[in-house]
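So, here come the structures, one by one.
You will see chain A twice below: alongside chain B first, and alongside chain C after that.
After this line comes the complex of A and B, so read on.
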C-alpha cells in the first residue's frame, strides 16, 4: 500500500500525554500483533519440526519442539515412494489453466458490463449477482454427471471446466473496470481502435492490479480445492496435491513425519507465489472490488 | 497515442445527411455495438450455462429420480423429498452446520476486525505482519487439517500440552461429541482470520480521511469515532463479508471430512458432508443427495436474501 496508505493509517489526532500514553499504546499494538502472528504460525513450526523427525522419536512424551536427530528420511520417502511430483504437476496444470482462462474470459465480460451499453445489460448483471449465492457444493451431483457424459472423468478438462463457471471474477472485473475513466477508451475509439483493441491495449494494462488480485484468488482457490478433485478423479496419477496428500493417510495408521513433509512441500509453491505477488495483492485493490 | 488522436479527428466537413439517413446509421451503429458486447460476454456465458445454469436445472430434475451414477436412473416422484424431510441425520446436519456458522462467523469477524484496526495503527512493519497473518489462509484444507491435528491431538497436541502445563486435565478435542465441532470451528477461525483481516483492512484504508479529522476537531474520542464513523462507513464491506461468509461457511466440508469424518456420534455431520457421503462414498442415493443439495441451495439463497434485506435497510 506504500506511503499513501500509511499516511491514512496514522491516527489523525495527536495523543495527549505524548510520552507515556503514546508509547504504551504502541507497545500494546505490537504485542497484539505478535501474539496473533505467533498463534497463526505456531502449528506450522510444529509441522516443520515433525517433518525432520525420525519415526521413532515422533511419539516421545513429552513431545519435543526440535528434532533430536534431524533427518531427511520423510522427504526422501515421500518423493521416492509416492508420485508427489506428478500431483504437484497436476495441481499446477489445473490451477494454472483455470486462472489463465478465467482472467481472459472474466475481464472481457467485465469490460462489456462496465463500459458497453446493450439491451438486457442490467438484467444479465443481476443474474451474475444472484449466481454468486449458488454454492458449488450443491451442484456436485449434476456437475459430476455432466463431466461423465462428456467423458472427462480422470482428465485435466474434467478438473478444469467446472472451475470456470464461478461468477465472482466477472463481478470483480466489472467493479475494477467501471472505476476507470472513460476518456482513455474514448480517445482510443476516436483513433479508430476496435472494441477488441481497446480491451487489449487500453483496458488490460490499466487493470493489472485487479488482474493480479483475481489471478491470485483464483489460483489459490483451485490449488486448495479438495471436494471436486476427490469426486472426479479415481486414478492416482490424475490426483491433485490435495487429494494425493490426503491419500497418504490410511484410515487406521498415520505416518506423521511423512504427512508433515508432504504438507510443507505442498504449501511451498503457494507461499512463494504469495510472497512474490503480495505487493499487488495487499495493495488495497480488494477494496476497489467491494465498492458497490 | 493522444497526439495521433488530434491529427486524425479532422472530420470531412461536407457530410450532409438527411434526418432519416442519420437515424438509420445510428441504429446500425447501436446494433453493431450491442453485438460486440454480446461477443465479449459469449465465452463467459458458455461456461456459466454449461456449469452453473444447466447443473441447477439438472439438479432439480434429479431430485425426482434415483440412481444415475452407478445404477440406472429411475423416476421416483416426490419420494426423495419425503425422505429428506423425514431423515433425522438431515436435521442433525442442518443443526450442526448452522451452529457452526453461528460460532465461526462472529468469532472470525470480531478477531479480524480487531486485528485490522490494530494493523491500521501500526506505523512500522504493518505489511510484514499482514503477510504473516495471511499464511494460514494459504494452507489447503488438507494441510490445515493436518496442522490442526498437531494442535488438538490427544497425546501430543499443543493445546493439551498447554492445558497440562497449567495443571488441567488433557481433553479429547476431536474424540468427544461436545468438543469436536468446536475444534473444527477453531480450525476454521484460525484459517480464516488472515483473509478477513486483509479484507477489513482494505475497507478501513478506503474510508474518507477528512471525516475523521473533522470528528477529531469536534472532540470525538477514539471510541466515538469508531462507533459513529468507522462502523457506519464500513457497512458496504460488512455487508459483502457477512453474505459471502454465510455462503461459504454453510458449505463446510473439507475440514470435517479430513479431521472427524462426521463423528463422533454424528456431532460433526454437516450438510455437504452428508451429500458427499450419500452420493459418492458408499451408497448410491443420488436422488436423496440431490434433494439435500437443492435444500442447501434454497437454505443459502434464503439466508443470503434475508441478510441482504436486513443490511441494506436501516
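After this line comes the complex of A and C, so read on.
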C-alpha cells in the first residue's frame, strides 16, 4: 500500500450516510425482529410467570403478567407428590440412547450408501427413502403389536427401538458423506486403513457438524415425543416426561400452576443440551482454523 | 525394488461398451520415472488407480516386483499415491497426516516420529508440522502429500496429476523438487499428466495414451522426433504439428507431395517412405512449426535439398516473447511457423515459407507413421 492508500485508511472523517438509507433499513430490521422475538417469547414468559403463581391468583381478572406474591409451591408440589425425577430420568435414558445409537447406525449406513459399491445399493436406498413417506400414525398399531409380541411393553427397549428406525438420519448422513471427496477415502485405503478405519478415522471426524445437527434434531424429537410413549407405557414409573406431565391433568381438574412448573422444568434440560451442542457445533466447524 | 509389470491389462465399466483401458502391456523398471500422458478421459488415471488397487482390473494381470497384485488390498501393495487434490486429511495436523500411514501399519511411535521428522526435513516442512492443511499454501500442501507418500518408503510412487492445481511458477518449482526427490530416493515412479512439458521434462520414458489404448512408449525426445501416428504427433509439441493431407506422386528418383495446386518434392529420406505407400496414396505430411521459417531480407537459412520453398500469405502473427508464431496460407494449405521473435512481418504480407523436411513425417491413411511401416 502506498502513502496515498495509508492516508486514506487513516482518514478520520465519518462515513457519509451514517443515518442515511442503509442505517435506517438496519434499524427497521431490528425493530421488526425485536417485535417478533417479543411475540414469540410472550407465551413462554406467561408460562414462567404462571408457574410462580398461587392457585388463588391464577384466576384473577384481568390476568397479572407478573405474580403478585411469587411462590415456589407449584415446584414443591410437583417434586414431592409426583415421580417427576423418574420421568426426567426416563426421558433422558430414551432420548439419549436413541440419539447415541442413531448417530452410530445412521452414519455407518450413510457411509455405506454414499461410498461403498454393492449390488442393489440404489434400490435399497430407494426403499429407505420410500419409508420416509409413511406417516408414523399408520405404523403405530403394527409397531405396537411387534413390540408387544417381543414382550417389550413398559420397557426402555420398547421406547427406544422404534425411534431408531427413522430413515431421515440415514438420508442426511448419506448426503453429508457423499459431499466428501473420494480421494480422501482412497488415500486412507492406500495408507492401509480397513473400511471401518476409514469410517472411524477419516469420515467420522469430518462429518462432526452433521452429527451434531442430527444429534440435536433426534434428541429434541425424542424428548418431545408423546404418542409412542403414551401407547407403549402403562406403568407410571416408566412414563417419560411428556406422558408424565400430561398425567398431571385429570379428567375434571387442571392445575395450571403445576402444569406450568412441570413445563418449565422439562424444558430446562433441552435448553441446556442445545446450548452445549451449539457451542460444540461452532467449535467443530472452525476447529481446522485454529492452531492447537 | 519396484518393478511394475502390466500384462494385457484392461478395464471395462459395466457389461458392454468400450473399455476405459485396453490391453496394456508394459514394464516399468526399478527406479524408472515413467510418465503416462494423454488427454483427459484417455484412461491414464484409471491405469494408475489399477496399480494402486483403487480400481478393479477387469482383464490381465499387474505385477509389482513379480508379485501378482490384482487381488491385493491397496494398503498391502507397498505403493504410495499422490493425488491431484492432495487428499490431505483436513482434521489432522501436517505431522499426523504424514505419520498416518505409519500409524495404520502399526509402527512404534518413536519410529514414526523419526521418519516424519526426516521426511519433513527433506521437504522443508519442519516449521509447519503442527499446522492443519487449510493453513498451508497449495505448494506446501503438495509437499505434505509427497511427505505422506515417502515416509512409507514404498516400492512405487504413483502420482496423479500432482501439479495441476498449482500456478505456473510453483509448478515449475515443484516439478524440480519432485525430480530431485526421485534422484535422491530412486523410487520407481509412475506419473500421470496431460501436460506435455511435464512429460517431456520429467519422464525417463513416456507412454502416450488415447481412448484407453497405448499409442506409443519411448524416451521423450524419441517420441517427439518419431511419433508413431498423427495423434502422438499432434499431442506433443506447441504449437501443434502441421498436418497436411495430400497425395503421393512417384517420379523416377523422388516422390512429390501434392495437394490441390500445390506440389513439392519430398527429399530422399521421405521419398523412400512415400515409395512404400505407393503412387497416388493418400497421406498426411507432418511438419513441426519450428521447422518452418519465414524468408525475409535478414534470414540466414542455408539451402539444402530437404528445404521446400512456398509462397504464402500471412494470416496471423502471434508474438509470445521468445518466439513468433506465424500462420500463413498457400493455396488450400494452412501452415503454422514458429520463427524468431521480432521478425518484421505483419498480417497480409506476401512471404516465402522455408519448410525443412529433415524431421518431417509421412502418415498413412490409417494415421500410422510410414517410417514405422518401412522400418
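Of note:
Here is the rule we go by: the second predicted complex is superposed on the first by the 259 of 292 C-alpha atoms of A that agree within 3 Å, B and C clash if a C-alpha of one lies under 4 Å from a C-alpha of the other, contacts with A are read in each partner's own complex, and residues count from 1 in each chain.
Basically, a residue touches a chain if its C-beta (ideal position, glycine included) is under 8 Å from a C-beta of that chain, and two chains touch if they have at least 3 such contacts.
Bear in mind that the values here come from a model prediction, so they are computed numbers and not experimental data.
Once the two complexes are overlaid on the shared chain, A:181 sits against chain C while remaining clear of chain B. When the two structures are aligned on the shared chain, A:76 is found in touch with neither chain B nor chain C. In the superposed pair of complexes, A:190 makes contact with chain B and with chain C alike. Applying the stated contact rule after C-alpha superposition, one finds that A:165 touches chain B and leaves chain C untouched.
Of the two partner chains placed by the overlay, only chain C lies in contact with A:205; chain B stays clear of it. More chain A residues lie in contact with B than with the other chain of the pair chain B and chain C. The intersection of chain A residues touching chain B with those touching chain C, taken from the two complexes, comprises 187-188, 190-192, 287, 291-292.
In the complex of the two chains, the chain C residues touching chain A come out as 49, 52-54, 73-76, 79-81, 83-85, 87-91, 93, 100-101, 104-105, 130-135, 148, 152. Partner chain A is touched in their complex by these residues of chain B: 1-2, 4-5, 8-9, 33-34, 36-38, 40-41, 43-45, 47-48, 50-52, 54-56, 58-59, 62, 68-69, 114-115, 118-123, 125-127, 129-143, 146-148, 150-151, 155-156, 158, 161, 190, 193-194, 198-199, 202-206, 209, 212-213, 216, 222, 236-237, 240, 243-244, 247, 250-251, 253-254, 257-258, 272, 275-276, 279-280, 286, 289-290, 293-294, 296-297, 300-301, 304. By the touch criterion stated above, chain A contacts chain C in their complex at residues 181, 183-184, 186-193, 197, 202, 205-206, 287-289, 291-292. Listed in rising order, the residues of chain A touching chain B in the complex are 1, 5-6, 8-13, 25-26, 29-30, 32-33, 36-37, 39-44, 46-47, 50, 59, 61-63, 104-106, 108-109, 111-113, 116-119, 121, 124, 131-146, 161-162, 164-165, 167, 170, 187-188, 190-192, 195, 199, 220, 223-224, 226-227, 230-231, 241-243, 245-246, 259-260, 263, 266-267, 270-271, 274-275, 278, 282, 284-287, 290-292.
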